[in-house]
């Protein structure tokens, strides 16, 4: 079966609704399918990657640490739209560091997060075969 | 039991979601309770009152004519925010005519819809006892 | 003070039910009276006894049942909203010729009039939704 | 052409399920193949057999069942999403010690892998949601 | 690959149309469905945004959703094409993939 | 009667905060909960709106929701008061009714 390029488009804030958590569940399952996987975080979706999230006081599942495991699942193409960050007064430093180890480069630790312009993200979208929207 | 002033605040467009229809169901039931009832239509809520809605082609319940029955249930205080209409390129003429018959004025037919400014609507909100939000 | 609570969204999907739960628990702790918790729109989905959340997550539905039993709360699902969405008690299931029902202990199905009445009886009605 | 459809919202509350239904019916009418309809998030609530809509309204859940049986469609409810929200088939109900189940004829509960597979198998995946 | 962008939200309620326009490339089209069709009315504050969209993309609106909402065809901004569900299906075959801005 | 206005939506996603400010009278207060708390961050594009709000109304934000979302207390615009669920209940008793801008 030919490999397809899957893009997960995340546009919703976490905690207020379940879309972020259930999107992450698809990504983790999907990682087993040997397709090319890319994640995009746009609009309020960028809030999913904020540091220091701790949902213990609202009693819901604390899924924020799971993003850091994505690298181990070979999910390391993570695009964040710069315009969305800027509008919200955020920079890359406000996001969790997400990294992966490059097998082909002596397991060097590399950054999974690419902060890109709208124009660059539009190209990423263009290259995909399947778009899943959350 | 003391009579209370109930305000139904409608801010969502009809058809895309069920809130408008289920709000109307509360209003109709509530009309039997002998409380003072006022309806406010703000933001996309003003679309609920547009003329010529016909949901037959999407196969969902065509509840738009029900608004015209509100007068018969003594629901005749209907406030529409002017700013919300204007932003959407609408005027009162785009809305269904909603009327009631005034028992104390020889059953004269009167207009139920009051198009008001934000400031006037703020005063209407101020006067209420219970706010129900849809 | 007397509170009524309205919950407009189902379990897990929106935070509304969680926020309403924490608010209700805090109000009870502060000694306030809860006249009624009224579940409307998708809120009726909080009343299912068939939910099986993951073990590392809270059980939204059971939690309402337990708070209800502990404090003798009225947990009311709107009948019209519930029927549309497939939430039934034993009586209604029987009446409609359905071979099973799914509402959880402590929840009751009743009419929309209970919402208006909740607004009349309480000093404050607080609405949680999407 | 081969289509897969994803439905992310429950019956009645959002139009997503209606739009997906009309789209699927139109695609079938045009001679296209539907690989699978995958119900996720609150979309799993479309799979209940306990819904009793008012007589003057469409029956969203039954309509999916019927379209499915007519065209031998795969109507898949995501198991994780379904368990959270209280949608169970007989096997799962038994396994979890629940005394009733509620899924409608024609619907099947399966894993999230079926969504990925739907994306792989189909020429087009169309998503309907809120 | 060409994209059919699907917008189902009112432009007054959500930012999906704006975000779509920021990220849609010239060879892609826009389809307004559900509450997305409220954007089509000439003389509304969303019409400037839609005019902009029309300069770069074909824009379609779903007839059954217009009809349900009482948006008259004669109120439509010039250039918007109206389709039914059959046309919706056809559009998804003409473009290589769909992006639903939920 | 005084009103406690409750905002549970992100200012980037919905217009509830803007509408609330248009319709809130001076003797009313604003409480940000759930995704509404994203409005509090100094230096964001919503901060101008919130500054405006603070000139007319007491503004509160719910601590458990700030914490869940990783919004640090030191990033808050000056003047916003932080409350927990007990404080939320207290606020609803201090104001004569609540308006949830769903």
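When the chains are written out, they are named A, B, C, D, E and F in that same order, and each has its own residue count from 1.
One rule holds for everything that comes next: a residue touches a chain if its C-beta (ideal position, glycine included) is under 8 Å from a C-beta of that chain, and two chains touch if they have at least 3 such contacts.
This is a predicted model, so every value here is computed, not measured.
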(request) Could you tell me which chains make contact with subunit A and subunit B both? (result) C, D, E, F
(request) Name the chain whose C-alpha centroid is most distant from the C-alpha centroid of subunit B. (result) A
(request) Please state the rotation angle, between 0 and 180 degrees and to the nearest 5, that superposes the Cα atoms of subunit E on subunit F. (result) 180
(message) Please tell me whether B-C or B-D has the greater number of C-beta pairs in contact.
(response) B-C
(request) Specify the chain most distant from subunit F by Cα centroid. (result) D
(message) For the two copies subunit D and subunit C, is the contact made of the same residues on each side, with over half of the numbers shared, or of different residues?
(response) same
(message) For subunit E versus subunit F, what separation do you get between their C-alpha means, in angstrom?
(response) 34
(request) Would you kindly tell me how far, in whole Å, the mean C-alpha position of subunit E lies from that of subunit D? (result) 26
(message) Rounded to a whole Å, what is the gap between the Cα centroids of subunit B and subunit E?
(response) 29
(request) Please list all residues of subunit C that touch 2 or more other chains. (result) 12-13, 15, 19, 22, 41, 54, 57, 80, 125, 127, 129-130
(request) For subunit B, write out the residues touching at least two other chains, lowest number first. (result) 15-16, 18, 43, 58, 60, 130-131, 133
(message) Counting only residues that touch at least two other chains, what does the list for subunit E look like?
(response) 8, 12-13, 15, 34-35, 64, 97-98, 100, 102
(request) If two chains touch, include that pair; go through all of them. (result) A-C, A-D, A-E, A-F, B-C, B-D, B-E, B-F, C-D, C-F, D-E, E-F
(message) Help me check something: in the complex, which residues belonging to subunit D touch subunit A?
(response) 6, 40-41, 80-81, 111-113, 115-117, 119-120, 125, 127, 129
(request) Can you check the complex and tell me which residues of subunit C touch subunit D? (result) 10-13, 41-42, 45, 48-54, 57, 61, 80, 83-88, 92-93, 96, 98, 100-102
(message) Looking at the complex, which residues from subunit F come into contact with subunit B?
(response) 1, 3, 15, 19, 22-25, 97-102
(request) Could you please specify the touching residues of subunit F with respect to subunit A in the complex? (result) 8-10, 12-13, 34-35, 38, 41-47, 63-65, 67-72, 84
(message) Which residues of subunit E touch subunit D once you look at their complex with the stated criterion?
(response) 6, 8, 33-35, 64, 85-86, 88-90, 92-93, 97-98, 100, 102
